[in-house]
Amino acid sequence: MPNEEYNSVEGGLGIAARRVISYVVLILLTFLCLFWFYILFINSTRSHAELNRGFTLLPSSHLMTNLDNVLHGSQPILSGLKNSFIVAGLAAVLCTYFSTMTAYAIHVYDFKAKKAIFTFILAVMMIPTQVTALGFIRLINTIKLQDTLIALIVPAIAAPATFYYMHQYMESALPHAIVEAARIDGSSEWRTFNTISLPIMKPAIAVQMIFTFVFNWNNYFTPALIIKSENKKTLPILIAQLRSADFLKFDMGQVYVSIALSIAPVIVVYLCLSRYIVAGVAVGSVKG
Amino acid sequence: MAKEKKKTSKVVRYNKWGYIFLIPFITIYLIFNMIPLITTIYNSFFENYRQGIIQVGPNWVGLENYITIFSNGDIPKYFSNTIIMWIFGFIPQIFLSLLLAAWFADTRLRIKASGFFKTVIYMPNLIMASAFAMLFFTLFSDSGPINSLLMQIGLISEPYKFLSHTISARGLVCFMNCLMWFGNTTILLMAGMLGIDSALFEAAQVDGATSTQVFFKITLPLLKPILIYVMITSLIGGLQMFDVPQILTNGEGNPVRTTMTMIMYLNKHLYSKNYGLGGAMSVFLFIVTGILSLIVFKFTTKKED
Amino acid sequence: MKKKLLSALLSVAMVSALLAGCGNKTEAPAAEAPAAEATEETAEAPAAEEAVEEAVTVAEDTGKVLNIYCWNEEFKSRLTDHYPGYTEVDATHGTIGDVEVVWNITPSDDNAYQNNLDETLLAQADAADDDKIDLFLVEADYALKYVDTEYTLPVADCGITDADVAEQYQYTKDVVTDSNGQLKGVSWQGCPGVLVYNRAAAKEVLGSDDPAAVQEAVKDWDTFKATAATMKEAGYKMTATSNDAYRVFSNNVTSKWVEDGKINIDANIKAWVDMTKEMVDAGETGTADLWSDDWSAGFYPEGKVFCYFGPAWLIDFCMAADDAASIAAQGGWGAVKGPQGFFWGGTWICAAAGTDNANLVGDIMRQLTCNPDIMIEIVKADNDFVNNKTAMDTMAADTTYGDAVLGGQNALGLFAEGVASVDLSNLSNYDQGCNESFQQAMKEYFEGNATYDEALELFYKSVTEKYPELTY
């Protein structure tokens, strides 16, 4: 629907009309994007019984009760928060750092196996994660990493999609001249990568950090199969546990509060990182 | 170690670093992805499943698993489901993303609070897919607010069962996918745009180019690597579409499996730990994705030369 | 505190001593000698008397760790609150005497609990003693998947006798009896169900909300169907969804889902399809899933639903009794036996083969599922309908007891009556998969997206995906 408007106005309409259209579309999208957060918030203020009655747009008064129930309930929500932070945070940092390093290796250097490795990683990207996941669990059990957070963090280092993005971004934003210049200035390869190339990649790194963080934060499938100890469980498992609670403890209010609790930190992380994308910190360094 | 390198300063010496920088990624990949992948391919030639808790097989069956998945007619059906739902989710998504990216980059449009809008569009992705689905169920249930609204304005006289009709069920899957991912795509494109030398835009403006011209003549061509990335990852993501239709239809692909995607079908075989059929299915998916990606890749890079 | 723990310990030791002492092949373990000194503690070990008839010798416990696998906190809180001698350490650890109790809780979403349990059971033989599963929980739908294998110990091997379980409802034993007739699990809960009806609707449409009169209107499926039409005319749905009545039919089948490796559709299941299709077409019921918003809408007067099929836990805890606007809060439901008896829910305790704590597992089973004092404690503290005929019959006869949700009616007698007729000898290993797939597939038929044959085809396809060994 917005596309036709866009095409038709392109030539004829003045800037004012185009501005109006863009604002209307943007406001509509904003509503569509934020609406869910509003309902989640509303639902977390409602009691289990009220939630059973269906949908409403007005908040109720049970936010503190729900919150209190969750924090003092049987699920260790706070340690879940901590674990989720460790897993998602480390995975995001390791994944972006090493994937950028790999992309850098392919982009900057020229070596025999380069083409083969690039094609190989691209091929890897096409493998559905679903079936290898079960083979993955078997592997984790064989190498005695079950029930450890390490099993959730370390494999994140090899992220073909992140690598590919970094590679594509370098094509458009990291000229070989910059690396050459650094070499002439006497910088070692290691230093060139860490102090010159990485900062240029800031917007791309921020983008991939967000994506990896969010993916790992919300991941239920792998942690549910690997983590068994209560004190190592991440938030999605705890929320799933709240949802499958026995009838005496089943409380949708608690489920929604935990969802809200689990979303709040991601929003904070996202807002911190999104500054880099929105403000465009790194634009200047590309010139040259 | 780094000091020594400096003295030798030959291109070949530098290139050794290419291998060094690859070590962590390749090591981790070989251990955590390659081993499971090889077992997957290996298993596709065996009869290997659980009967309850009792293991059946592995018994060598050659290509029988492949014959099974092709002969029962399921593959074409779930393949077309997947492609249809991907296309109708992807087209609006890429269009919205390009449009937004163009608007945000358009210096004449001068959108106020663009920082706010840029930030907001990715936010649906922050919500867990399962939590999202819970909200969708509430909204679109027979007694839910969407139905009450439609009935109040007189469009329908009795509740419309959104998840019991092919069109609306697929529509909801496309809508949810689009909503969750258009921000992601826009961010990728915008990050790509930040990499474009702003002097180019300034020069174009000085030369009197219109916004449309700037977009099609400067922005799009320079965005190409990122666009190819978006296309390919979205195609791959699309072929692997799973969580949204899975939770919206409780894994059943209602109605009558018209929203069942290939990975959902694959997931069905995992219930019985059917590594044989599941393995064959994923090898097939791997080949199809490979061919399609290759086509997109060749098609988009050829033009450049 | 310490003293209490010691006495509990002693009572456990004494029970074991008695078990061993009365066994046929006696080999009284030396470690259990202090039993004699513990006689003054008999009050704390009521199970001891029941164990006298014990006929099997259980090897002495050597395990220092008791691993329990389950999917939620329910059993943990039962054990914490009611098992003498259990001390909680933290959320996943506790102690019974010098044995450390380790809880492995995996949620059941996405089949994660069973996946996890399967892998651990399959690795049981090679696992270190302290990592072996000792005790795990199952639900009725998939109980036989575990019970009918070598991975589950007969309860007799943990020292539970037929006399111990004599007071338990027969259906709770049928669920966990393997193909050789061996009992391999026990449950502390009974979950018989009744038909609960909306009193206001009954008054308005049937002219009376008296249970006897209402039972007349739903006494068998034909009358049930006729009443549905009357309800529809008055603007009420008979049931909220097509799946409400499903388990009542599926609990009363006369053949198994799978006979000789072939999928089989029982006449009673087909009867459910035929009745439901007519009801859906006539608008007498909906096609939403259980637990959906459309299903629970009928908990409120404006939802306009005449009846639900449910066990005590559903009526007391799931029908929004804490919301003043609900029918339950106003005591607006009534209970009758309904067309057929059925059960819904329940958790069974199984002992894993290879456990090194068979005595302790046996004692947990005995205390929680056979000890009338503890079971009455559970009724009072947790409102469970417990798996003990005498205890529940006593409660049923209590005229002072009434359920507020049911407007003060004491329906415990009805529950007991309904469940006595449930015959579960036709359970199979495939029940969970078949029941889920069948309801899913028939939904397509009810909604008009498929003919009955197409829906059946869909069902066969779905089941053979889950169980590749089956044919149709």
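Note that the chains are named A, B and C in the order they appear, and that numbering of residues resets to 1 at the start of each chain.
Keep in mind that, in the parts below, contacts are C-beta pairs under 8 Å (C-beta built on N, C-alpha and C of every residue); 3 or more make two chains touch, one makes a residue touch a chain.
As the structure is a prediction and not an experimental result, all values here were calculated from the model.
Ranked by how far their CA centres sit from the centre of chain A, the chains are topped by C.
Across the structure, the highest number of inter-chain C-beta contacts is found for A-B. Taking the mean of the C-alpha atoms as each chain's centre, chain B and chain C sit 42 Å apart. Distance between chain A and chain B, defined via averaged C-alpha coordinates, is recorded as 14 Å. Touching of two or more other chains is recorded for residues 293, 297 of chain C. Looking at chain B, one finds that residues 138, 141, 143-144, 273 touch two or more other chains.
Across the assembly, chain A contributes 54-55, 220, 240 as residues in contact with two or more other chains.
If you check the complex, the residues on chain A that touch chain B are 2-3, 6, 10-11, 15, 18-19, 22-23, 25-26, 29-30, 32-34, 36-37, 39-40, 54-55, 98-99, 101-102, 104-106, 108-111, 113-114, 117, 121-136, 138-139, 154-155, 157-158, 160-161, 163-165, 168-169, 171-173, 183, 186, 188-191, 193, 203-204, 206-207, 210-211, 214, 218, 220, 236, 239-240, 259, 262-263, 266-267, 270-271, 274, 277-280, 282-283, 286-287. The touching residues of chain B, counted against chain C in their complex, run 49-56, 137-138, 141-144, 161, 164-165, 250, 252, 254-257, 268-269, 271-274, 277. Put simply, chain C touches chain B in their complex at residues 111, 118, 121-122, 144-146, 148-149, 151, 286-289, 292-294, 297, 303, 429, 433, 440, 443-444, 447, 449-450, 454, 458, 462, 465-469. Residues 71-74, 77, 90-92, 103-110, 112, 115-116, 119, 123, 293, 296-297, 299-300, 313-314, 317-318, 320, 322-323, 325-326, 382-383 of chain C are the ones touching chain A in the complex. For chain A in complex with chain C, the residues that touch the partner chain are 47-50, 52-55, 74, 76, 137, 141, 220-221, 224-225, 228-231, 237, 240-241, 243-250.
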